[in-house]
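Here come two complexes built around chain A, the first alongside chain B, the second alongside chain C.
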Partner chain A sequence: MSLPSFQLHRPRELAEAVALWTEHGAAAKLLAGGTDLIPSLKQGLFAPDHLIDLGAIAGLTGISRAANGDWLIGAMTRIHEVAEDPILGREFPLLAAAAGQIASPVLRRMGTLGGNLCLDTRCLWYNQSYLWRQSCGFCLKKNGAVCHVAPGGRRCWAAFSADTAPALLVLDASVEIAGPAGARWLPLAELYSGAGDHPLRLGRGEILSRVRLPAAAAGMRGSYQKFRIRNSIDYPLAALALALRREANGAVTARLALTALNPAPVLVAGLERCLAAALAADPPDLAAVVQLVNRAAKPLSTSTVPADYRREMVLIQARRALEACLA
Partner chain B sequence: MASRPQSDAARAIIGAPTAMVDAPRKTSGAGAYTDDLAVPGMLHGKILHSHLPHARIRGVDAGAALALPGVRCVITGADAPTAYGVLPIGKDECALQPDKARYIGDNIACVVAESERIAAAALPLIRVEYEPLPAYFDPEAAMAAPAAGWLHDHRPRNIEKEYHHVFGDPDAALARAAAVCRNRYVCPAVTHAAMEPHATLARFEPDGGLTVWSSTQVPYYLHKTLARVLQMSMERIRVIKPMVGGGFGGKSEVCPLEIVAAVAARRAGAPVKITYSREEVFYTHRGRPLQLTELETGAAADGTILAVRARVIQDGGAYCGYGPVTLLYSGALLGAMYDIPNVRWDGYRVLTNKPACGAMRGHGTVNTRFAFEAQLDELAERLGLDPAELRRRNFLQPPCRTVNGLRVLSYGLPECLETVVAASGWRERRTGRAAGAPPAVNDGRGPRRADRASAPSRRHGLGVACSHYVSGAANAVDRADAIHSTVYVEAAAPLPAPAGGASGGGAASDAAPPAVAVLTGTAEIGQGSDTMQAQIVAAALGLPLAAVAVIAADSAITPMDLGSYSSRVTFMAGNAALRAAEDLKQQIAAALARRWNCDPEAIRCLGGQVLGPSGQALSFAAAVAAALPPGAAHLRGVGTYSPPREAQGGDFKGAGVGPSPAYSYSAQVAEVSVDEDSGQVTVHKIWAAHDCGRALNPVAVEGQVIGSVWMGLGQALSEEMAYTRSGQLANPGLLDYRVPTILDSPPVEAFIVESLDPEGPFGAKEAGEGSLAAVIPAIANAIYDAAGIRLYQPPFTPDRVLRALQARAAAPASGQAATAGQDQPETKPGPASGPPPPSPAGAPPQAGG
Partner chain C sequence: MITAFTVNGQPRRLELDPATLLLEALREHLRLTGTKCGCDDSSCGACTVLVNGQPALACTLLAAGCDGADITTIEGIATDGRLTALQRAFGRMGGAQCGFCTPGMVMAAKALLDGNPDPSDGEIQAALSGNICRCTGYVQILASVRAALAEAAGAAADAARPKAAADAQRRAAGPTPPPQAAEPQSAHG
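So, the complex of A and B:
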C-alpha cells in the first residue's frame, strides 16, 4: 500500500523546522516516530504536501538534569529509552511503567515521547480508510459534518489515547514549546484543548521540544492501570495514572489522571481534598474518590469495546491504583 | 494394511524431526512471494470497492480517472461478465460486479496504472451511479426480507441452501433421556488473518497464452476458473504458485483479484500485478461464518448419549462460495466423533450484505463443536459425571460406520483423552465446581501485570473438550470420479563423471545432484507439503532426503492436484507420491531382476543403493541407468490417489460432505483463571493431544497442533468480525481485529498420538486442522470450572465475562449456572442479532450480527 506523494524535509536545526512548519502550516505534517502518522497517511486521513521529519535535529533527544534538579527529556527521545532508563525508572517509576506498556517493543523503538504526547485522537469512525469513511458519511473530524458517536451533536468525541500523558500529568510535568516567537513553557494539561477534532492547543509553527519533570515529583509512589484486550500492541481502552506521596506530617500529595476515555487526558480535579477525607475514615472509604473518577470519565462508542464496560474498568482501576499506592 | 517404514533408512526419515525443505529460501529471504515478483513492463491494478452494502449499479464513468497521467485503463464488470464460483451449484459472483453491489467492499472496477500510487489516486475519480437497495446484516432478518432485499434473484428469502437430516429417532430418544440440555450458541464471524495478503501477477505471452502467478491454495481451481471467465482453453493458461505466506482457507477458492489481474492484463496489453491491502483481505474474507446454533443433547443416567438435535443458521455473506459445504460440515461431523445413534440436524445457509464466508481451518465444524462440547460439560454436571468420563462412555468402536454413514477405521481419541487427562493432572487438580471451593491450583505466576497491585486471589479452573477433522474430502467438489492427486517421480540418466574424477575433490562431490525429482501439483503454503513428499519418496527409494528435489505447483510441468484444503494433502498426495515412488522402484526392479536373474520383489532400495538378494549392489544412479529403456532420458514413476468407494459416504441429499478416508482426533485440557472484578480471562496452559495416524515429521505435526490451538485461542478470547449497524466491518485491520500476541499465548504442550491409519501413507492422516475446534469449548468449560459461569458466545472478552459474572451474582442461589448476557434457547436472537435497520448513518458496532 502506497503513501501519498509529499515533499520530505529533514531540517537539522529546530529553528529550521519551526520556519518550515510556520511557512507550510496546514499543508504540512510533523513526523516524529511515525508509528501513528504513517498508517494514518495510508488511510488518507492526511494528505500533506510537506512532511517535516524531526529525526535529524540535534538536541531533541536525550534525558538530562537541569541546574535546579528538574529532569528534562527531549521530545524525540524514543519511548523505549524513557521506559528503560535506569535512573528515570528509579525516580519516576510511574512514567517507566506507562511508557513500557505502549504498543509493542518494536513500536517503542520507533515512537517518541513527544509524538506520544501529541498523538492524534482515535475513534472507530475516524481511523479508517477513505472507502470506509465514505460508506457511513464522513465525520466532522475528517471531511464531514456529523459525529457518529454522538449523532445529534457538533462536538468530536474521538478519544485521546496516549499512555505517557496521564503519567506526566500526575507527575506535574510541563512542556517546552518552540515557535516563531521563541520558546515558552506551559503545564502539560494546557497542551490539550479537549476537542477531539483539534486536540492540541498549539499555534502555527509551534513544536513540542522538551518535557520537564519537576524534582519535587521524584520518588512519588505511582500506579499505571491500563485496560486493553491484548497484552501488547493495543492502544489503551481505559487507563489511569496515580501519583501519591504521604508527607511526614501525614498530609497526602496525590494526583490522578485518565486517558483513552475523553478527547483529552484528564487530570481529575479535587482529588487531594477528597482523598484526605476518605483517609480520615477508618477503614479508609475510597468510594467517594472512585465517584470522582466516575464523574470525570466520559467513555463513548469510539471503540468496538462497549463504553459502559470501559467505564466500569476505570472505576476498578481507580480502586486498585489507590490500594496499591496506599499499601 | 498400513504401510510401515520397512527399513532403517526409511525409519531414519519417516518419523524423524525434519527441517522444511524450503526453510533456506524463507529464512534467507531469497524465496519470492507473489508480491516480490516483477516483470518488465509491469503495471499495477487497484480495485474500486463498493461503499454501499446493497445497490444496483446504474453506470460507471471512468473518464476522470482515465484522464489522470499514468492511468492505462479502467475495467468494469462488463469486461469479465462470466459468473464463477467454486461449487457447480454456486456460480453466482463475477470478478467485478456488472449490475449489483452486495456488500461494503464488493468489487466494482479496477484501475490499471504505472504505479500503485497513481492507481490509488485514480480510484476516487471513478463515478459510480448507484441505486441503493434495502440491506440485511442479520441472517434471521434476511430470511424474512421482501423481494427487494434478496441478494440474488434465484435465492428467495435469501436462503442459499437448506438441509434437513434425520438419523434414527431423535425425538423419541430425547423423550426417554434422563437429562437433556438445550442452549442457543452464537459464534460471530472470524477470519484467517494470514500474514501474506493475496497477490496476483498476470502476463499475456506473445503467443497469446496467459501466465498467472498467484498466492493461492488451489492452483488447479484457479486454472479452471481462469479458463472459464477468460474463455480460453486450459492448455493456453499456465498457473504458477510462488511461495505463499499462509492460507488457512482464505486462499482456497478463487478470489476476485486473481481474475481481475488477468482481465486487466488483457485489456492493458501489459503484465498487471494486484496486491490486496490488509483492508481488502478483510473484505475478501471467505472465513468462518457467524453461526447461530440451537442445540439439544440428551443422555441416559449412565452418561450414554441418546440423541442430539441441532438447528444451525450460518450467515454466509453475499455470495455462495463454499457455503453449502461449510453448512453440511456443521452437521456431518456433529454426531460423528462419539457413538450417537439418533441425530437431527437442520441447517440454513443465509445470504446477507456482508463479505462472503468460506472455508477456514476446521471448515464448518468449529462452531458446532464448540456448542456440542460446551453442552457436554453441562450434561456431565447434570448427571454428576466427570466430563472426561462422560466422553469416555461414548467413544466409537471402530472399525465402524457412524449413523450418517462415515467410515471410521483408525480412532486415537481414547488415547488422546487419557494423555491430556494424565498430563494436566485433571483428576487431582480439577475440583469440579463447588461454591466456595478454594483455588484449585496456583501456578505462582500471579495475575497479569496490570492487576498485580491488588487483584483478589484468582481461582484456576480446568476444562476438557475434544474435536476431530477429515483427512481430505472423499468427494471432489465438481466431479464424482475425479482423481484427487497425481504425482510423478522422475529419475534422469546420470551425467558422465566429471573429468579428473573423484580425486579432484571438493566442489562436485559435496553437492551431489538430486537423484530424483518429485513433480507434484500440491500447493505448499507453509504447512510442509513439499517436505512431506520429499520424505515419503526418499523413504520409499532408500535415498537421503537431499537426493530428492520437489518441483511443485506449476501447471505447465506438474500434474494435477486438487489443492491444499480440507487437510487432504498428506493423505492424498502423500499416497500418490508413495505410489509414484513404488512405481519407479518397480521399473528399476524389473530391469535388474532380468539382469540378476532374480525375483523383482526381492530387490530392495536402501542407503542410496539398489540391492539384489544375493549380494548384488548398484548405486541408485547406476540402477536407473541400467533400467532406462533404449533411447530414454529418464524414468518416470506415476502415482495417483482417489478415495475408495467405501469412504465416500451415503446417498442422501448432502451426504457428499463429511466423508473422508480417515479422521484425525484431538483432546485438550485448558487451564484458566478469571479476574472476577474485571472479567478478564487468563489462559495459563493448554494440553493438546492429536491423533495424526503417524507423525511423518513430528516437529511439523507439533507446529500444526500448536498453531491450530493458537488460532482457536484467538476465536475464544479476542477475535471477532464486528459490524456496524450500517454494515461496515468495524475492524478491517490487524490493530482492531485482535489475533493474540505472544503475551496472550499460553504454553501449549502438544502430544502426538499415532493410531496408524490402515490407508494413510505410512499410517499418516491429517494434523493441520483437527486441533482447532477443541480449544474454544475447553476454555469455556475451564471458565465454568474457575468462575461458575457458562458462556454461549465467543470471544470471551472481559465485557462479556463481566456481564455473566454480574448475572451470576444477581441470580438466586439455585445452583444453576448463570447465563445472563448470553442467550438462552427458544427465545429470539441474542445481543449479536438485533433487527437490521439499514440506516445510512452509523451507530455503535454490534458483535456479530
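So, the complex of A and C:
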C-alpha cells in the first residue's frame, strides 16, 4: 500500500531537525525507525505534510558512559544494539531482556530506543485500516468523537505498549529533550501524559535525543514479564518490569512498572514499603504486593484479548517477577 | 527526489516520490518482484531484504531513507544463474510450499548465516521468528537451513579429503549432488 504524499526532510543535525519540527508543528511527524509510524501512515492514522527523518543525524546513535559513570544511549540507537550490547547487558540485564523481546529480530534492527519510548498508544479501535475504522465507527483518537472502549467518557484509553519504558522507569532513567530553547533532562515518568490520544508531554519542536541510565541502578536484579499472542513478533498485551536489590543492611530497593495496560507506563507507587512489609513476614507474603499491582493496572477492552485475562496475567507476572528477583 | 543506491551490485538512480517505499521501488520501479508484499504492515517478514548486510522489511522503509545503501534482494544472491546452497535446500527439503514467504525466509536465513556460520537450531528459529509461513512449513524450513549448512560443511570437508570418500559422502547426503567444481564454500555464497 502506498503512503500518502508528504515532503521529506532528512536533516543532518539535531538543531536542524528541531527547527523543522518547530516550524511545521502538527503538520509534521518525526520518523525514527518507522516500524510503527509507516504502518500507521498506511492506515491513514496520520497524514503529515512533512516527514522529518531523524536517520541521517550524526550523533544520535551509540551507547557511552558519562564522566560520573552514568550510561548514555542515543535515541536513534537500534533496539537490537540495546538488547545485545554485552557490557550494557551485564550492568542492566533487565533492559536487555525487555529490548530483546520487542517485536521480531528484523524489527529490532530497524526500530530505535527513542522511537520505542515515544511509541504511539495502541487500541483495537485505532490500529486498523481506514476502511475498518470507517465501517466500525471512528473513535475519538482519530476522526471520531466517541471512545468505543469507554463510551460514556471523553477520555482516550488506548494502551501505551512500549517494552523499554517500564524497564527504564524502574532503572530510574531520565531522557534528554532537545528543543527550540535548548536541551533539558527530565525523569522518564514525566514524559508521559496518561492521555491515550496525546501520550507524550512534549512541547512544540521538542525531540527526545538521549536516555540516561544512572550508575546507581547498575547491577540491580531484574525481571521482565511479557504477555502477547505470538511471542515471535507481537506488541505486549500486558507486561511488567521489576528491578530489585537487597542492600548489605538487609533493606530492599525495588521498583516495579507496568506497560500495555494503561495509557501510560505506570511506576507502581508504594511498592518498596509494601515489599519490605511482605518480606518481614515468615514466610514472605507477596499477596499484598500483587494487590498493589492489581490496583495500578487498568486494562480495558483495547485489544482482542479480554481485559480480565490481561489483568489475571499481570498478577501472575508480578508474582513470577518477585519470585525470580528474590530467589 | 533522486535516490541512488546499489541493488544486487548494480548502481541505481531513481527519480522517486518521497513517499515511495523501498518495496515499491524494488517491485514497481526496478521490476524486481522476487521480494513479496505479504502483510504490508511489518508483521510477516515476506518483504525481507538486506540493507547494508542487515535484514530489513522493505514494506516499512522509505526508499529515500536507503539513499547510498547497498541493497540485496532474493534476485541478487545466486551466482551466474546458479542458486545458492540455501535456495537449493529450500527446494530439496520442502521448505517452500506456496512459496510466498520463501524470499523473506531465505534472506533472513542468509543474514543469519552471514554473521554466524554455525548456528544452533534455537538461533535459526530465533532469526526466522519474524517470518510467518501460512503453509505451516516451519519444520521443513528449519530442515532446509540445516541442510544448507550440512552441504557447506560437506563441501568444506570434501576439499580436505580424498576424492572417493568425498563422493561417497555426497551420495549419502542427497539425491542430486551438485558438481563439485561449482560447489560454493559457504552455505549462502
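The criterion applied here is as follows: the second predicted complex is superposed on the first by the 327 of 327 C-alpha atoms of A that agree within 3 Å, B and C clash if a C-alpha of one lies under 4 Å from a C-alpha of the other, contacts with A are read in each partner's own complex, and residues count from 1 in each chain.
Just so we're on the same page, a contact is a pair of C-beta atoms (placed from the backbone, for glycine too) under 8 Å apart; a residue touches a chain by one contact, two chains touch by 3 or more.
Computed from a predicted structure; not experimentally measured.
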Which superposed partner A:Cys136 touches (first chain B, second chain C, both, neither): first
First, second, both or neither for A:Ser104, with chain B first and chain C second: both
Chain A: partner with more touched residues, chain B or chain C: B
First, second, both or neither for A:Ser5, with chain B first and chain C second: both
Which superposed partner A:Ser223 touches (first chain B, second chain C, both, neither): first
Touched partner set for A:Ser232, first chain B, second chain C, both or neither: both
Touching partner for A:Ala321 - first (chain B), second (chain C), both, neither: first
First, second, both or neither for A:Thr35, with chain B first and chain C second: second
Touched partner set for A:Asp53, first chain B, second chain C, both or neither: second
Where chain A meets both chain C and chain B, residue numbers: 1-5, 104, 231-234
Contact set on chain B toward chain A in their complex: 49, 51-53, 104-105, 115-117, 120-121, 124, 277-279, 448-451, 453-455, 677-678, 718, 722, 724, 726-728, 730-732, 735-736, 738, 740-744, 797-799, 802, 840-845
Complex interface listing, chain C residues touching chain A: 1, 17-21, 24, 40-43, 45, 48, 54-57, 59-62, 64-65, 67, 108, 126-127, 129-130, 132
Residues of chain A defined as touching chain C within the complex: 1-8, 10, 31, 34-35, 38-39, 42-43, 51, 53, 55, 103-107, 109-110, 231-234
Residues on chain A engaged by chain B in the complex (per definition of touch): 1-5, 101, 104, 124-125, 128-132, 134-137, 146, 148, 151, 223, 225-227, 229-235, 301, 304-307, 309, 312-313, 316, 319-321, 323-324, 327
